[in-house]
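Note that chain A is present in both complexes that follow, paired respectively with chain B and with chain C.
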Partner chain A sequence: MKAKHTKYLPLLPVSCAYFILFLIGKNVAGMWQLMAMLAFYCALGQAFNIFIGMTGYVDFGYVAFLGVGTYGMALSVSRLAGFPNLGLGVVVIGLILSFVMAGALSVAVGAVALRLRGAYFAIATVGVNEGFRYLIEGARIWGGAEGIIFSGQLTETLGRDTASSLSTFWADVMVMIVAVIAAVITVGYMRGRVGYALTALREDEDAAKVMGINVTKYKIIAFITSASLAGLLGACAWALKVMYVFPPEAFQIQYTIEAIIIVVLGGAGTLLGPVVGGLIYGLSKYWLAVVMPGFQLLIFAPIVIFIVVAFPEGVVGWVKRRAKGTAIQSYLL
Partner chain B sequence: MIGQQLAGNLVNGFVLGGVYGMATMGLSLIFGVLKIVNVGHGAFIMVGAFITLWMFSSLGMSPVFALPVALITGMALGFLIFSTVLRRLIKAPELASLLATFAIGMLLEEIAKNLFGTEFRGYNWETGKLVLPMTVLPMSKIYAFAGSVAITVLMYFWFKKTRAGTAVRSVVEDSDGAQVCGVNVSWVYALSFAIGIGLTVLSGVLLTMFIPVGINPYMGGSYTLKAFVVAVLGGLASPYGAFFAGLAFGLIENGSYTVFAALPGVEPFALTRFISFVMLLVILLIKPTGLLGAK
Partner chain C sequence: MALLQLENVTKRFGGLVAVNDVSLEVEDGESIAIVGSNGSGKTALFNVISGVYLADEGRVVFKGKDITTLPPHTRAPLGIGRTFQIPRPFSSASVRENVAVGAMFGTLSGAISVDESLEVADRYIHLVGLTPHTDKEAGSLTPVEKKLMEIARSLAMRPKLLLMDEALAGMHPRDIDEMVAFLKRIKAEEGIAIIAMVEHIMRAVVGFAERVMVMHQGQKLVDAPTAEALRDPRVVEIYLGRPAEDETHARG
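Let's look at the complex of A and B:
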């Protein structure tokens, strides 16, 4: 058993990475947008990894939780606009609402889907995203297919300057904070009861069950955590930045794809993996968008296939294996 | 009035459902034999649709000729994918095969996007019409339905009566046992995957009869979801269970559309798609082994 104080040591490189992104963005002119995008990809991977990396289950409907989080913020800002003296309170309520709504959806989905094993689980989640989007459009909930535009209400409630600094600066800072929270939770889980239970589950679900581990409980814990963080990301990175929400955009399967690429690239189930994966993916996407726009996925699809076949542990998993027994080991998880 | 509409939509749903069923057989066959869920299923349907479109508009050939081309292309594609990627993933954790098939689907879509662009296309195959009391059906849809039935029947006999089919069934039952009895299991894996992909690409040809202007690199996504519903309904590992499940799904889909269209304040098209997702969850919850034909 490791000593208590070394438990959180692996958080050091992760937090440093986000802090460096923040510093570069803040101090180098014109870099904020790029750094914010990188931070978003790292955060997306970090949140997704809590479920996919620790359980080995693939959730193809992950973006639905970001979408629902976006709606949480949009609803709070647009419906509470009339109340006086709320000010930044609408944003705080929006964050809480996003967190709770994404969590609630994950409880509903998880209650059904997490009873199922591996492949059946993946099949069940393929529809979550589409299903939820078409429920909103079909039953005309929350503005239906027209979505919610709330830039007017946000400016009205907060004033023009606060609203604009919120959307161009603080929203991105909050993304970084969510990423760090996700990393802390990851360490807490991995080094605690949840992590041990899920490792047992990933190795052999039946054996874990026979040993008296309530596998469904731990799967649900990881699922809800991962989904609620996604809700926060949706609220910060999407709702506050663009100030509208629109079903086809909020539920774009693209983001599930990106989250999968990031986690697999960096190393599923490692703490630093999503940061490495997010940086590699974000930077190469940015670069490819300049050199050959429209070809990003064409290039990333074979890379994912290659990694899955030849290199299933990802970049960090590989480094971790090489670093065994060296001083770096205690900083990697 | 609504009665006639419902009857008309149900006839359409039945005809389309047969093709849905055929479009799912490949998915069920691959899952039954290899225990791999092909998450990129819809992309292979898209390949079939583009083959048909290309042969029709560039070479002026009727979709009938697209059938053998699609089957052969699909089987070749299946062999290629199996020998380069999936062969190495049969014993790997599910995560690996799910991500790999997903990425393969994505690769096919991106290749199609770069070859053909993202606009919706279609073609017009004049075949005359069949006038029924409740609806009018283009003959092309009838041909597609007949084709689906014929392919399903052929598959049934191939399974039950031929040596290769028996070998495949033995691997579905127990792959270790089959190996011990002298069945070349890795050959059965390769063959089943190739036939599964071949059938899926083939079904793409038949599906184009139902989507006059719906051919697009990303058209497969909604068929992946529908195929999952149908496959689960028919008992995931049962190819001809899938056919009957397809008929049932087509009826439910078009029937519920008529009902939603009669309700005020809702979007019937979007809600129908929501219903297929709910069906998927409900079936998985009550009876993951499938409602039709499974023990």
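Let's look at the complex of A and C:
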């Protein structure tokens, strides 16, 4: 019974982190944008971690799911603008659409690519991103290369004030909510059958198979979950925030790389890791942009290398090992 | 009806015939030692039984069901457990979690919960004597402890047939005797058949097996009760080399 009570304790530090970001942003003038950026990086890491951290597979096409999610929201707002009485319903439908579209793309990609192992999977996913971008541009679907600009429709449907608070405030709050949802799912997975199956297949796929684990099934579960959450993040942090979507921006591979760095920095496969990684990454990126504009990447690369060498299991992985047997152990996962 | 039936099973890798037309019947609760030199096809045979490889020819029948083309994860819950020559623990997980995986996924009644699995795990960890190491990371165990953990992990699957790949290799003779006694005990208690690969450890073969199967270049050379098999001149030749007088004869 004890396990039941303490099962969700590790959610406490994660939720606190987002709440603190929210409070600072809300109460300290000029800090909202920075806090929103940090929350986005943490959330991105958390969603990505469900797949990369728990399975040990690297998906280089991950940003495609954010991109597709962005389109889900853009399509909903722009196509439904004419319908009367929908109001905020267009945003709700947009979220559902983003979630479903990203999930559907992940089923299509996962059903094929997840039969491949390790590096082969990673290579197979590199193309997904670019492929999808050029499909949209080349086939001229969803506005083709021009993208979709829907600020007009959003203002029309919701009124200027609501649309503006949606894009400058609520979009970021929704990112934080998605992040907390991702954390709840992560704990549920980690403490349940899914987590055991994923740990086993991450450590030794062949041994997992002869132990009776349907490895493809569990990889696909993690993949779809991670992708659908990414779709929601795309809808909130990208579509609603800027009120347009533009293929080269929605499918920028840079975000996949950033997500990988965040997860590895913080601790792959841990719950708190992506939050810590997101904060470290976001803050140092911001700080370097201020003190040495233009040199961020040059400076950041050695920092990342140092952390990866010094803490191969990530910051949280390292702390977790140290905290074994102490009182804070039950708050760390 | 036999628990496991192999009917003329063949497995090829390109031109190499790893398992060549092998037939074998295993009864409930039987203990069989498979012996043979490196590359004689023992591990390949295990892989064909557990589903890691699919047989190119022949049939694999388990509990009357044709499992020749089933993937490994559907064979395991039917009651086929196995351990590996070089232990393959889920290193970052604790011993308890490792063994719980067996209980959770390796049994047919798929409804067993995480908490129940952990309880089952504790029981089998106790059985193999690893209780003091329950919460340790599996990767930090000694090689012998890893082997014991693998045995506990596969026993937690409640198998009817346990395939043990070189379970005794690298063990101290005293540990081997203990292990043989242990295997005999669990075999009786759990009512499982065990096929163990035992290389070069005759005392274990004699102590453990009711039947010995000798493999040579992918083929089944001998399949007989232990005492009889060990007297077979072909077995002596493979294991101990040709008798000395033959050697001189051949040279002379």
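Heads up, the rule we're going with is that the second predicted complex is superposed on the first by the 322 of 333 C-alpha atoms of A that agree within 3 Å, B and C clash if a C-alpha of one lies under 4 Å from a C-alpha of the other, contacts with A are read in each partner's own complex, and residues count from 1 in each chain.
Here, a residue touches a chain if its C-beta (ideal position, glycine included) is under 8 Å from a C-beta of that chain, and two chains touch if they have at least 3 such contacts.
Everything numeric in this text was worked out from a predicted model, so none of it was measured.
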> On chain A, which partner's contacts cover more residues, chain B's or chain C's?
Replying inline: B
> Does chain B (first) or chain C (second) touch A:K209, or do both, or does neither?
Replying inline: second
>> By the touch definition at the top of the document, which applies to A:K26: first (chain B), second (chain C), both, or neither?
In response: neither
>> Once chain A of both complexes is superposed, is A:A200 in touch with chain B (first), chain C (second), both, or neither?
In response: second
> Between chain B (first) and chain C (second), which does A:G192 come into contact with in this model arrangement: first, second, both, or neither?
Replying inline: second
>> Quick check on the superposed pair: does A:R160 touch chain B, chain C, both, or neither? Answer first, second, both or neither.
In response: neither
> Once the two structures are fitted together, what part of chain A is touched by chain B and by chain C alike?
Replying inline: 202
> Once bound in the complex, which stretches of chain A touch chain C?
Replying inline: 3, 191-193, 196-197, 199-200, 202-204, 206-215, 269
> Can you list the chain B residues touching chain A in their complex?
Replying inline: 31, 35-37, 39, 85, 88-89, 92-96, 98-100, 102-104, 106-107, 109-111, 113-114, 221-222, 224-225, 228-229, 232, 236, 260, 265-274, 276-278, 280-281, 284-285, 288
> Residues of chain C touching chain A in their complex?
Replying inline: 50-52, 71-77, 80-82, 84, 88-93, 97, 100-102, 104-107, 114-115, 117, 153-154, 157
> Which of the residues in chain A end up touching chain B in this complex?
Replying inline: 52, 56-58, 60, 112-113, 115-116, 118-120, 122-124, 126-128, 130-131, 134-135, 137-140, 144-145, 202, 253, 257, 260, 264, 268, 294-295, 297-298, 301-302, 304-305, 308-309, 312
